[in-house]
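A single structure is presented below for examination.
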């Protein structure tokens, strides 16, 4: 608009436009001008410390030498949608299988991502209760969460993978205790009446909890350990019945560095990388490492651990349909509790 | 209440408010660094991705500031010296970024250049990445910092009038000569002040850039986004480290602003 | 052009679901709550700054004290400081590790506090020049006729500086409704409690809920535009006043 009101003559106008165009092109060029291969990792919100370590470890190997990384961390579902909407990525690492399915359906990753090595999983962890030091409210079981006066912090299930695991764990635990489907759903409904904050991501929820809000944070075991490693005032309880969180990772189909990306994924399952995972609180998928002394010490076996394929839950597609799709159970439960009904 | 006690109470109220709202938070900048450990903060600042973040911020400033300066001067000239239909609207549009939320700015750019946007498909088919890359960030930064130079230059232009230029024309000067030799020097200080304010705005931009960039560390993270990155990852030392650096730059900018400011309102 | 096109795209996107869709998006409980919170907080902040801004402007124009130049310079700090730094600092001051022992992080109080910081300069800077220009003769005359200080202020000074105060308030309000950088760290963005409209748009946009995001964004846009036109009108009113 302003171009037509300039007091300068036409030539100057053209110069201005050309300068602007040149500047923009220079900017585009600037982004592209890094030497060597660069892999873009788009991940969920909490694994930054461990991924940073694993990336440097890989860069010491002959395959990883000279490979740069850009990293983006955020709420799992939001990240999945961003990649589907065009955010450039070579490797995607989410916290829930349904977010990987989202990208598979959008044509970003292979449909059979979960049939790749290790079922497409990079590492595991479990749902735990993070509590204040000394556990003043004596929160040990799912039943304790709905006691009067207990305030729960969990993220928003429409943007965060962690939140979905929490909900499914809550439901699954009730079913494991012998409750019916209806009773278990009623439990989740009651639970959400105790929820005082629903941040967009697992990592934001951790921050909220550490800032003093709530009595218990439902989170990944790895995140609780991570916070402890950083010196934060936190301890965690693994409830008797809890869910195994399987963290999916995949290569993006349109990546310009498919072989390097795949090499990185392979590296992730080697003992070196898996040991780093253990160091940072993740449960390894490599069976060798799982038997190692460090892993056994860190991760007590819990017979009550169930997975997403548990009959009562039936896998991610079924869980999405029942719980997390728009109009599903969580929409109703959130409406009931006065919580967010979208991400 | 006599005049003296009244004056003191005014001072008390004014300075008290300033201390609580303005100065107390500012002092935290230094306190927190000391509390968190200067060493950790330093290692965060010198991290590769942080340095890259500052580079990105500087690139954005380097592009947005000159462009908006040019545009601001041209616009101011048009608004003050010319009459044309829709002038009021142009004025409003130039001022709009001042009142508009950066989130709205960022989101509308996202709509425009996204996969399903108006322009998105054209750029994708030509292999140009706009969103989640510098071009979108440049556009966002330009958008939010459009008004400042114009707003500084307009009142100055109004004040000085155009008699000198008219005189020059009668003596045979071309419009370019009149502009370069007469107009520009007379608005020089307003322009410079506007440039400083624009730079400060570009440095501090968060909302619009956050939406269009995807905050990819090592790639599209700016310094302000870096602060949030550290904070979200429970790295307080890192967050305050980068914040301190940004704060020091802001204070430097403030000093320049104060020195250059047209002196009004201070008796 | 850089300004107009994206705005057009925004308005278009919000109409994607038709007028009904727009309305239901805006009246969705979370959206409404966010908008209400935004408006309420902005109003409080604008008012607070109206009062204190005027006081500070008065202090800077009419008073003399050591360090006045420094204070005058510091007023502009919120303009120069990146908003996210402001949020971080206020969080440090009034958050969990607060040295003053006040912990209001993740509450609405925190939002008000940080917005006061961010919008501090507006009223001060719009009132200062007007106050500076004010001819004190009228006040002297009133005083010599026996009027009390309060009456002098109310009847003579206030009407003259009112346009200045109002336009400063309008700008502070506009800034407050749109602010994001300082709030995002500080408020916890708890839906229905501390989630403001700008954060709502951000989250909805990130998560692909385009219609919701653009509906609320258009509301913010309309508000900003209205305020701008209001300020323009005020400016014209003030200059007419001067000419009279």
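Letters are used for the chains, namely A, B and C, taken in the order the chains are written, and counting of residues starts over at 1 for each.
Simple rule for what comes next: a residue touches a chain if its C-beta (ideal position, glycine included) is under 8 Å from a C-beta of that chain, and two chains touch if they have at least 3 such contacts.
On a predicted model such as this, the values are computed, not experimentally measured, just so you know.
Undergrad: Per the definition at the top, count C-beta pairs in contact and tell me whether A-B or B-C has more.
TA: B-C
Undergrad: Report the chain whose CA-based centre is farthest from the CA-based centre of subunit B.
TA: The most remote chain is A.
Undergrad: Would you mind pulling out the distance in Å between where the CA atoms of subunit A average out and where those of subunit B do?
TA: 34
Undergrad: Based only on mean CA positions, could you tell me how far subunit B sits from subunit C in angstrom?
TA: Inter-chain centre distance comes to 17 Å.
Undergrad: Return the residues of subunit B touching two or more other chains; collapse runs of consecutive numbers into ranges.
TA: Touching at least two other chains: 93, 231.
Undergrad: If a residue has to touch 2 or more other chains to count, which residues of subunit C qualify?
TA: Expected reply: 4, 206.
Undergrad: Please list all residues of subunit A that touch 2 or more other chains.
TA: Where subunit A meets two or more other chains at a single residue, that happens at 1-2, 74, 82, 85, 204, 210.
Undergrad: Given the complex with subunit A, which residues does subunit B contribute to the contact?
TA: The touching residues are 49, 59, 63, 67, 70-71, 74-75, 77-78, 81-82, 84, 86, 90, 93, 114-115, 120, 124, 128-129, 131-135, 138, 175-176, 179, 214-220, 229, 231-235.
Undergrad: Could you list, by residue number, the parts of subunit B that touch subunit C in their complex?
TA: 1, 3, 6-7, 10-11, 13-15, 17-18, 21-26, 28-29, 31-32, 35, 88, 91-112, 117-118, 139, 142-143, 146, 197, 200, 203-207, 210-211, 223-224, 227-228, 231, 239-240, 243, 246-247, 250-251, 253-255, 257-258, 264-267
Undergrad: Which residues, counting only subunit C, touch subunit A once they are in their complex?
TA: Listed in rising order, the residues of subunit C that touch subunit A are 1, 4, 28-30, 95-96, 103, 105-106, 188-192, 203-204, 206-209, 212.
Undergrad: Report the residues of subunit A in contact with subunit B in the complex, numbered from low to high.
TA: Answer in residue numbers: 1-2, 5-9, 12, 16, 19-20, 23-24, 26-28, 30-31, 38, 40, 42, 45, 48-49, 68-74, 82, 85-88, 201, 203-204, 206-207, 210, 226-227, 230, 232.
Undergrad: What part of subunit C is in contact with subunit B in the complex they form?
TA: Those residues of subunit C that touch subunit B are 2-7, 9-10, 12-13, 52, 55-65, 68-69, 71-86, 88-90, 92-93, 97, 99-100, 113, 116-117, 120, 125, 128-129, 131-132, 149, 171, 174-175, 177-181, 184-185, 197-199, 201-202, 205-206, 210, 213-214, 217, 220-221, 224-225, 227-229, 232.
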